[in-house]
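Common to both upcoming complexes is subunit A, partnered first by subunit B, then by subunit C.
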Partner chain A sequence: MRRLPVYLLLDTSGGMFGEPIQALNNALSGLISTLRTDPMALDTVWVSIITFNRIAEELIPLTEIGSFQLPEITCPQSGPRHTGRALQLLYDNATRDIIKGNENQKGDWKPLLFLFTKGAPNDKVDFVNAIPLIKSINFGAIVSCAAGYLKDEDLLKQLSENVVHLDSADTHTIKQFFKWVSDTIEQGNKSQGTGESVPLPPPPAEITLVI
Partner chain B sequence: MQHNSKYIKNLFNNKGVEISSKRVDLFERFVSDNSTIGIIEKIRSLQTNIMENWQHKNRVQDIIEKQIIIPNATVNKEYKAFLDFEKLGLNDISYSAIEGLEELGLVYDNEKEIVVGVPKVSGDFKVNFKFRIKDDLDDSLLHEKKITLVINADPKSLWKNIQSDFEKTEDWKIENYWKKDDEISFEKLGEKNIVISSKRGRSHANVGSFRDDDFAYKFFDHTGWSVVCVADGAGSAKLARKGSTIACNAIIEFFTLNFTKEALEVFDNVIKEHQTNKTAETSKQISHFVYDNLSKAALFAHKKIEEFATQINVSIKDLHTTLIFTLIKKYDFGYAILSFGVGDCPIGVINKDFTEIKLMNWLDVGEFGGGTRFITMPEIFNSEKFPTRFGISLYDDFSYLVLMTDGIYDPKFIVEANLEKIECWKDFFEDLQGKNNENVNVNFEKRNIEVAENLSKWMDFWSPGNHDDRTLAIIY
Partner chain C sequence: MTTVTVKSIINGNSYQFVDNGEPKSGTAKNVYFSPDRKYVVALFKDKQDFNQKERLKNIVTKYLPQIQNKEAGNYYLEEIYRWPTDIIEYKDKTGIVVPIYNGKFFFKKGYSSNDLIKGEEKNGKWFAGSKFRNKQFPLSLDQSELGKWLNYFQVCVNLSRGVKKMHQMGLSHSDLSYNNVLVDPTTGSACMIDLDGLVVPGLYPAEVIGTADFIAPEVLATKHLKKNDPNRKLPNRLTDLHALACLIYMYLLHRHPLKGGKVHDLDTEKDDLLSMGEKALFIEHPTDKSNRIKLNQLSKWELYWSDITKLPYTITGPYLKELFNKAFIEGLHNPMQRPTAEEWEIGLLKTTDLIQPCHNANCEQKWYVFDNSNSPKCPFCGTPHKGTLPVLDLYYQFKPSVWKPENHRLMVYHNQYLFQWHVNRNIARNEKLTPEQKIPVGYFTFHNNKWVLVNQKLNFLKDLTEDKLIGINQMVELTHGKRLLLSNEDGGRVVNITMANK
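What follows is the complex of A and B.
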């Protein structure tokens, strides 16, 4: 059976404290429920969650959606956002996890990456250094979501072709974003041309695609 | 004695009572008095009780707050979860019970500390975990905590089957390049028979979208050649269903126009000569003929799709489709089989005795699932590997010639290497002929006129994770 690996990189820095982290927890729980009732996702989707603040941590290793149990995601009241470290950890994990196909082994579907962040990385050098590593994984799609800020988007643009911007980090907007994430995940397990990317579904009104 | 003296001194000290030097003797007598000693012992014992009570409450609260995670269950799937108290650091639990499991189809065996059964309902449930720890009295009230249990629905029950033309008009069908969700065909193909079934995958049926696979075939009476093609439109391309249709039709059209009696005369002579007197020259001429004609046919299909894309003003990528086709003809000596393929759909020929399999084409598969190449990609025609996309085989006779899309190959052969193993093909045909969970038998005896219906029924087989369109063509 082919797996569709999905990596969620979630900002848990001080900037997320309060409503944003609650909204994120609600939205994630909605995402998991949606996937759990989608028969295709139940058969194929595997999810890993990496959180990052001062440190980056593999909160949930790559787990099939049927067995997935979402813990409460928490964040400190203050502290930096080391997105670069999260990318480095993601690189190590993805290299370890992803099964490549060959004559005798069925390969995974191209993995998907969703980066959700409330602000710009505080470790820009690490972030920039990690970009070529992440590109070498050959993700089917990398979607970066900047919630409620419009600064240093060039940095996110270097990482992914698809940068989306949320006007605010409130419950409704974050939920809409994750709804769109689940729509995108449903696109991930279809045949496509070698080297082509997973086409993204049209985003809802709350989400602005940054061009 | 020393101990008691210190204890009383501390007490007096806390209460601000001082013992003057004149009263030291009196104090010593007071401390060693039996009634004082008795009282101190009582106090100490009561304090110990308070401490123990607090520790007990604290421990119970720890257990209540501790997250006990039990694995998710799935409806209709046998479930067994061991609550490993030792690993959870809950060795002191002396008795446990779980309420609320029965209605879910599960029971808790508190001797073995396992939850077992076959879940009947799906959802997120909170069950009541009741327990006693070893310091509790045997008849004390049980402590309670909630444990979350997630029961996934049976994936089979979640699939919907929405007709792609549900409540749609004829005009809508034309505008949307509609095609039938399922198609079957059975016919004589020269001295052989052909049976084909093409079925929309569950992933499409679930959302009411179209079948992307397609096929076409034709027997040319005047030349004795037959052509069979199968195409698999890319799941990620908007109009893939149309791409696969155009590709198949284009191949039929090309050979209808170009495989005339006159055009084939030279080849017929060469192949006969090759059979009696094989030389480098005859081999070369045959290869040349195959390459020349089949490459033109492939390019014709590409052009037809390109024309259509231009005409309706879409990118050719929106019509991405794989394409395999084969041509067969019976000569006096036996069969000539020619082939072309781009994409991840195999063509296999099994010899008369079912002892050898020849895979006519190599598959375009990448390191990731689903990544392949399409007839709609112009670069395939310029690639140095293009000449290797063609195949020719000569047989006295063969038992089966099989074309399939990845919807069949993925679940039944799993990996590429298996396509070249005769054992795997034996298993495949045994499966077709009844060795399957559904007890469906496709009978390939020539007199079976219901073979297409049988095949269509067989194609409904269940395979987790494999819900793509399925097309299987068998010439026998």
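What follows is the complex of A and C.
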């Protein structure tokens, strides 16, 4: 039956070394646990994790939540952040993974993309070049989360309408953000209003949402 | 952590709740427990407008006493509903006071492989789909949580009664789904929660169109129209009946009645809207087979229950087959044709009279419905029935000396009981039965190679074939073609015995 593919693109560049990477691991395992206790999510959600520093890597291929095994995410002590390469890899993977509807087969739900990054891309040209590719995939929602920096947010805004800004990359704020991610993923199974469109859930209070 | 005291806006009663900063958060409300954990205070996140408050006031001051003071009030308020009992205000937020859920609606074990959901609420979704029943699935539910097939009939009976009662009071639920029903298969219980959004047509309109999987086709098909457009269809009593039929189908067969393989549009959202709305088609439609499930496109965890050639909906027996036809064929796009909640209740109960224990000790379902064939076998594990099988057809007196069939059959199995509602047609098998009426009046047993009925409480049991009265603590043999009069009172029935599987 229809799957809801969810792609998590996670910054593992040198800037994440120390508390941020610990906080990210912690929040991510919280997210997966939440989804593993939600029967609707277990029915439809498939998750893939792509990490990026100097290189971009498919850490977990698209896997259903019920069979998901989360490894410890590590990062080097220093090194660049090649967000553009990660988007390129995401494009390749998503075009490979996502089942498109045809006359004989129902397609997957529109995929969701959550990009978590602590700074601006170091490969700006690749990043900008990858944006039209990502748009062509027709994501249901693209949410970028910028933790601890405000500079170059314009670049992220070219990728997604929703840029969430976290003041810091500590355990509490990252956890709040991932709580919001799980609310967004679980949105489709709640009661639907009589109004015309279904909005994203309101973001947690401590987060600045740039739209 | 602070304990907050709040007052009722209706009568000044005071309540307390514990605020630990992390309430249980739902779509519309934050939920806090009372210090003694006997009730919860649920605060609405959004400010409630005048109409919403009026609705809540009516739920608490008008409809609650209506249930309390009528027959079976306790059954409804203890078992079937978590009905709000009072309204409070706290820091310009409105809240409701609701009794706490019964302990049986929390997982004792949960998953078989870990404790992740131990102690969590038993949302109906866990038991509607098939994935969590598949032992190979890494997060399958423990066998001790799943219950047997017969338990799901009881779950559906309780659910049907809950809907029946609301409709009798002129209310509709408007958002019936597995999210709003807690289910405990081990005891056959179902409990309707989040009852603060009830719809009274004309008075309190629907605020939601429902939850995906349960929204009626006509509601989805007109969703694009403005709310005040005369053609726009919003939730009402008849859309509840669609949701109820879907729930019953899912609890008995663990698949969705409309989610088949037919593609209506290459865009996923549009396709989904059409296949659940305007173009909805029953996956088991007898003549239009275009929406059959494509097993090769299914999650491997769901294959067993999704194979409609092995487990067609007809395994639920002749009465429910009729009702499913009405709900998903005749009534799918014609709401007036949908079976009422009471029809479901009666059909489900009559079906339990057709149910047989499976002879295979390892059968996971343990029970199946007799299929009216001469060589019955369990559809779940394939084990054939061993030995003869007495079939009792019930007749009522139409006029003196003319007896007509009730369209009600009782299948006998070893150690099965006979009840008042079989004996007398004036006694309805429903929530209004007195404790006295729930005591068996006789039992069936296979004794010395013969099927017999032992009379425990029937004052006038007569073997019409042999023209002989059977006194209390006496027995009568069941043989092919024999007729028994169960009572000489008004409404007393005759049974005609057929021996199957000879």
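Miscellaneous remarks
One rule holds in what follows: the second predicted complex is superposed on the first by the 198 of 211 C-alpha atoms of A that agree within 3 Å, B and C clash if a C-alpha of one lies under 4 Å from a C-alpha of the other, contacts with A are read in each partner's own complex, and residues count from 1 in each chain.
Note that a contact is a pair of C-beta atoms (placed from the backbone, for glycine too) under 8 Å apart; a residue touches a chain by one contact, two chains touch by 3 or more.
Worth saying up front: this structure is predicted, and the values here are computed from it rather than measured.
Look at A:Gly18: by the touch rule set out above, it reaches neither subunit B nor subunit C. Of the two partner chains, neither subunit B nor subunit C is touched by A:Pro61. In the superposition on chain A, A:Pro132 contacts neither subunit B nor subunit C. In the superposition on chain A, A:Pro76 contacts neither subunit B nor subunit C.
The interface of subunit A with subunit B overlaps its interface with subunit C at residues 1-2, 36-37, 39-40, 42-43, 66-67, 100-110, 189-194, 196. Contact residues on subunit A toward subunit B in their complex (touch as defined above): 1-2, 36-40, 42-44, 66-69, 100-110, 138, 140, 187, 189-196, 198-199.
On subunit C, the positions that touch subunit A within their shared complex are 27, 116-117, 120, 123, 125-126, 129, 131-132, 137-139, 175, 177, 179, 206-212, 215, 224, 227, 234, 259, 261, 263, 265-269, 271-272, 294, 297-299, 301-302.
The residues of subunit A lying in touch with subunit C in their complex are 1-2, 33, 36-37, 39-40, 42-43, 64, 66-67, 100-110, 188-194, 196.
Here subunit B touches subunit A in the complex through residues 69, 71-72, 74, 150, 152-153, 155-156, 158-159, 202-203, 206, 232, 234-237, 317, 320, 344, 364-374, 377, 406, 410, 414-417, 464-468, going by the rule given at the top.
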